[in-house]
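You will see chain A twice below: alongside chain B first, and alongside chain C after that.
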Partner chain A sequence: MTQAQATASHGEKVSLLRVLGPGHVWALGVGIVLVGEYMGWNFAVGKGGAVAALIACWFAGLLYTCVAMIDSEVTSTVAAAGGQYAQAKHIVGPLLAFNVGLFLVMAYTMLEAANAITLGYLVQAVGGMAGFEGGHDKPFIVLTIMFLAWLNYRGVYATLTFNLVITAIAFIAILVLFMAVTAAKVVPLNHAGLIHGETLPYGWMGVLAAMHFGLWYYLGIEGTTQAAEEVRSPARALPLGTMTGIITLLIAATMTWYICVGLMPWEYLGQATTPLFDAARLTSSVPLMVLLFIGTMFATLASANGCINDASRAWFSMGRDHYLPEWFGAVHPKYRTPFRSIIFLVPVALMFALGAPLDQVITFSILSGLLEYTVMSFNMIMFRNKWPLDTIKRGYVHPMHPLPAIVLLVLCGVTYFAVFLGYGTQLMAMMVFYIVASAWFHFHRYQFVRRGAQFTMNWPRPRGY
Partner chain B sequence: MPNFAEMNGFQYLELAAWIISALFGLWMLVDMIRTNAAYSEDVLLSSREGEIEDELIVDPAHRG
Partner chain C sequence: MAKEGRYEPPKQSAFGQIFDSLFLLVLVSLSLFVPLWLGLAGGGKTELTFPEKTWQGMGQNDVTAAAFEKLGFTPETAHGIIASRFDYSFDPLTAIITALVITAYFIFVFRFSDKEYRDVIRERFGDK
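Entry: the complex of A and B
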């Protein structure tokens, strides 16, 4: 018998390491999202014009403020890895929890793949600009995924400290560009002239269609909840990190829109690959160009890094509860990370990154996120009904309940319609996938679930039961 | 087999990216196999949800 086995027989246990603070939570949430400011949000301009993109920015901002408030309250109470999966398991039931777990893994793994594709493209583009024509992007796509998986494998503290540094640099880059064009006036802004009377070129239907990519400004902020089992003080760090995260993103989104719409005609902006970097190029300032290029690379890297962290925690939690094979519920005794889940998701991410088109990967990620937000609204109402405020302690209590949950549900409905307008087939395919997966869980997998061990929170019996 | 003499700088970078990626992958695989062999499944699967040392109290609760 080895030493480890001998100590195990005396009750030695390994668990995820509680080392993170609010700054890491902020870095996890904002790190996943900030890439959306550097690229992606501008397709909303193509769908409905510059003003439609601003309206989408506001409404998507409202949607995600509701998400952040609801998340902060529930997660400060259900402080477990798996985030929304663990919340749904405690508040609704196993079948919905299984689906939410899958939404999370799919949303983050596909977003990771999309980020790796983008990084590969950026390196290839730089090679082309340096005179190396015919370069390949695949080696850099694979390197991105392998390096970040390795970093995640080695420990959560280093992983999210790395995210904190590169996310802060990417955010400061946007701030510097904003100050350069507004305060220092390195190049004149011309909003009225560039919109040139076409306030809503496709009318209100364009505004509706813009909501699809409007989500890109904030998609992923809900990922902060996955750190619940690794923060030193969940009741303080999770609400603080999440709420400061959404505030950061609202500021970054507004600055990004203002800079880009003031410098580029909406017809170009609507199909640009790297709008913020293009804005920096229009200033003709080499330091700004270098800074925004670094910002673009760092934002993409931070997003992929956070996605690996979150997808692996969701997969790990489902394994630990036997919703998936128990083998995935292992924690590394030295690094204290869900190492088997991290390794298992590497080939999945590689498959999407190397074999699927970018827009399809992004759309599947958005759809999985949207399904998750829809569940959150029901979840919140059930949470307050079953455990009213005076029955359990919460680290944060969100105001105006049930208004945020209702607003969230309405905005999700609007966004489903917006996605349906452009990607109806994918929406249907995704729904079929989740229905088949639910049938597998109900008829086959549920027999292995530890039913008695699912409810782990020290709460009183829910009201009405 | 690549012809190293005819490769340009970017192709060297590509080759380096493949090699480093393989090393990261190999390192993780070897470590996972070693860890699986060195520790019993009871230890590796001993993590339980809800085992939180810190009490979930913020006093007073932040409202709004």
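Entry: the complex of A and C
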């Protein structure tokens, strides 16, 4: 795609601005996800024990490597705002695209809410440690969401440059902690002593169950594609940013597990709200505590910031195509951002952040992501069948097709079962939501959508149609 | 591109746009909050019972006991954390129904998407 797609706004043709490079793409992907190392991943320890969490970390890493491989090929070819939504629209069809758009919005908005909850908790907890007892977390939750929405409203370049800086600091904080406990040995690690014989306290069922929160190490990396229309060279920057992002996360996830399991009893770790900050506390080093406090703050801010960016792009794209009311499809005439979508999603995020417990919000986010990954595996196979390699030029061709798609589908199946173990009601509630929304779209909303205009890529006719 | 037989969608009123937005908002809220209101949300948990609330009595060794103490816990305050366990027993029928609902959802979405997609391709590229 050579030109950003134009959008009518106030009678003028205004498009999103192409200003981003591979570093921004990396920051968008890793920035959303890195918070998973600072909180949430450790619930996998609670569900299956420390060793189960490590196995889940690697299997989830394999799942996301498949996601990144598939995403890189499709996105380097379908470089349009909305990412997987635009891909599904061109490859599978409108109803699935609508569902994928909703997966993205739900996953990111709930992740944003989870970040705001964690940030509020951390400020409240550290405030308590500093002698400010009785402080409330709610004002910080509201302030975080409002400030980041304002930043997103003002422009994508400033937003993602801000993300690049704070993500780098949050990643460096993990590296410094790792070096401090392994090379400088500020405190001894004792993995065997802290696991104390309970290698797999729930047996292999616990390993399966741990896959549920194992996804939290990486959830959101696929968000790199949301800014496709704002990247200067999508065919190069998107695969490069996504693949370096997944490598960064694999390293960070393994280091995080190694540090935390070597410092905390698994029973505590499995229920901790801010495990890396707790690890820093256990070193008794004030500079490390301050650094990990800042790292946790920055990781939650970067994630929430990226989530607002991605959710609003998906909502905007659906509005532009009339899958949702067209009012949402407008670009700000001055800041060139999807401002109405950004504003509309603020109260949604606030509702989740202020009204639901953290584990429920995280589970809904994971479920939406899981549905999206399931779709990706079918999407990839259909993409290669409808447009074989010799029919359209890809910016990147992933190897070993269809193995990544099949592995992805199998791992998704395992993860549905992992979520079912303990969170079956939420799984069913989510499925009912998507079934009702799909019926609403097909039988009502689709009447407002232009048919042929949805296919904007300069591709030949798909095979079999 | 084929111009004949092109579908012209109706213009949606402002009221219709507001109604559609609110409909989705209500649907999202219900899917999140109904399980919470009905008390059906959250993992099934159980509690281990220990003969006494000491580090040794709760199966802890010197290393874990020292770590708990450094985190500010006593055997009394750590008891709830150490005793808490997930209960992974489940009804196979519920698991089968859940799997069928997920499968039915994907079949429904892919079939209707394909039907819509054929219209898109016909309008974009013309009849074969």
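In this text, the second predicted complex is superposed on the first by the 453 of 465 C-alpha atoms of A that agree within 3 Å, B and C clash if a C-alpha of one lies under 4 Å from a C-alpha of the other, contacts with A are read in each partner's own complex, and residues count from 1 in each chain.
Assume a residue touches a chain if its C-beta (ideal position, glycine included) is under 8 Å from a C-beta of that chain, and two chains touch if they have at least 3 such contacts.
Values in this document were obtained by computation on a predicted structure and should not be read as measured data.
Shared-chain residue A:Pro265: touches chain C; no touch with chain B. In the superposition on chain A, contact of A:Tyr64 is made with neither chain B nor chain C. When the shared chain is aligned, no partner comes close enough to touch A:Tyr218: not chain B, not chain C. In the superposed model, A:Ser317 makes contact with chain B only, not with chain C. When the two complexes are overlaid on their common chain A, residue A:Phe171 makes contact with neither chain B nor chain C. By the touch criterion defined above, A:Phe147 reaches chain B but does not reach chain C. By the touch criterion stated above, A:Ser438 is placed in contact with chain C alone, chain B being left untouched.
Touch criterion met: A:Glu326 reaches chain B and chain C at once.
In the superposed pair of complexes, A:His136 makes contact with chain B only, with no contact to chain C. Looking at the superposition, the partner that touches the larger set of chain A residues, chain B or chain C, turns out to be C. Shared interface residues of chain A, touching chain B in one complex and chain C in the other, are 326.
Residue ranges on chain C touching chain A, taken from their complex, read 1-2, 6-10, 12, 16-18, 20-21, 23-25, 27-36, 40-44, 59-64, 67-68, 70-71, 73, 78, 81-82, 84-86, 88, 90, 94-95, 98-99, 101-102, 105-106, 108-110, 112-125. Against chain B, in their complex, chain A makes its touches with residues 2, 4-5, 7-9, 12-16, 18, 76-77, 79-82, 86, 127, 130, 132, 135-136, 139-140, 142-143, 146-147, 149-150, 153, 229, 232-236, 239, 317, 320-321, 326, 329-334, 339-340, 342-343, 346, 393-399, 453, 456-458.
Within the complex formed with chain C, the residues of chain A that make contact are 46-47, 92-97, 99, 106, 190, 193-194, 196, 201-202, 205-206, 209, 263-265, 267-268, 271, 278, 281-282, 284, 322, 324-328, 344, 348, 351-352, 355-357, 359-360, 364, 374, 378, 416-417, 420-438, 440, 442, 445-452, 454-455, 461-462, 465. Those residues of chain B that touch chain A in the complex are listed here as 8-11, 13-15, 17-18, 20-21, 24-25, 27-29, 31-32, 35, 38-54, 56-58, 61-64.
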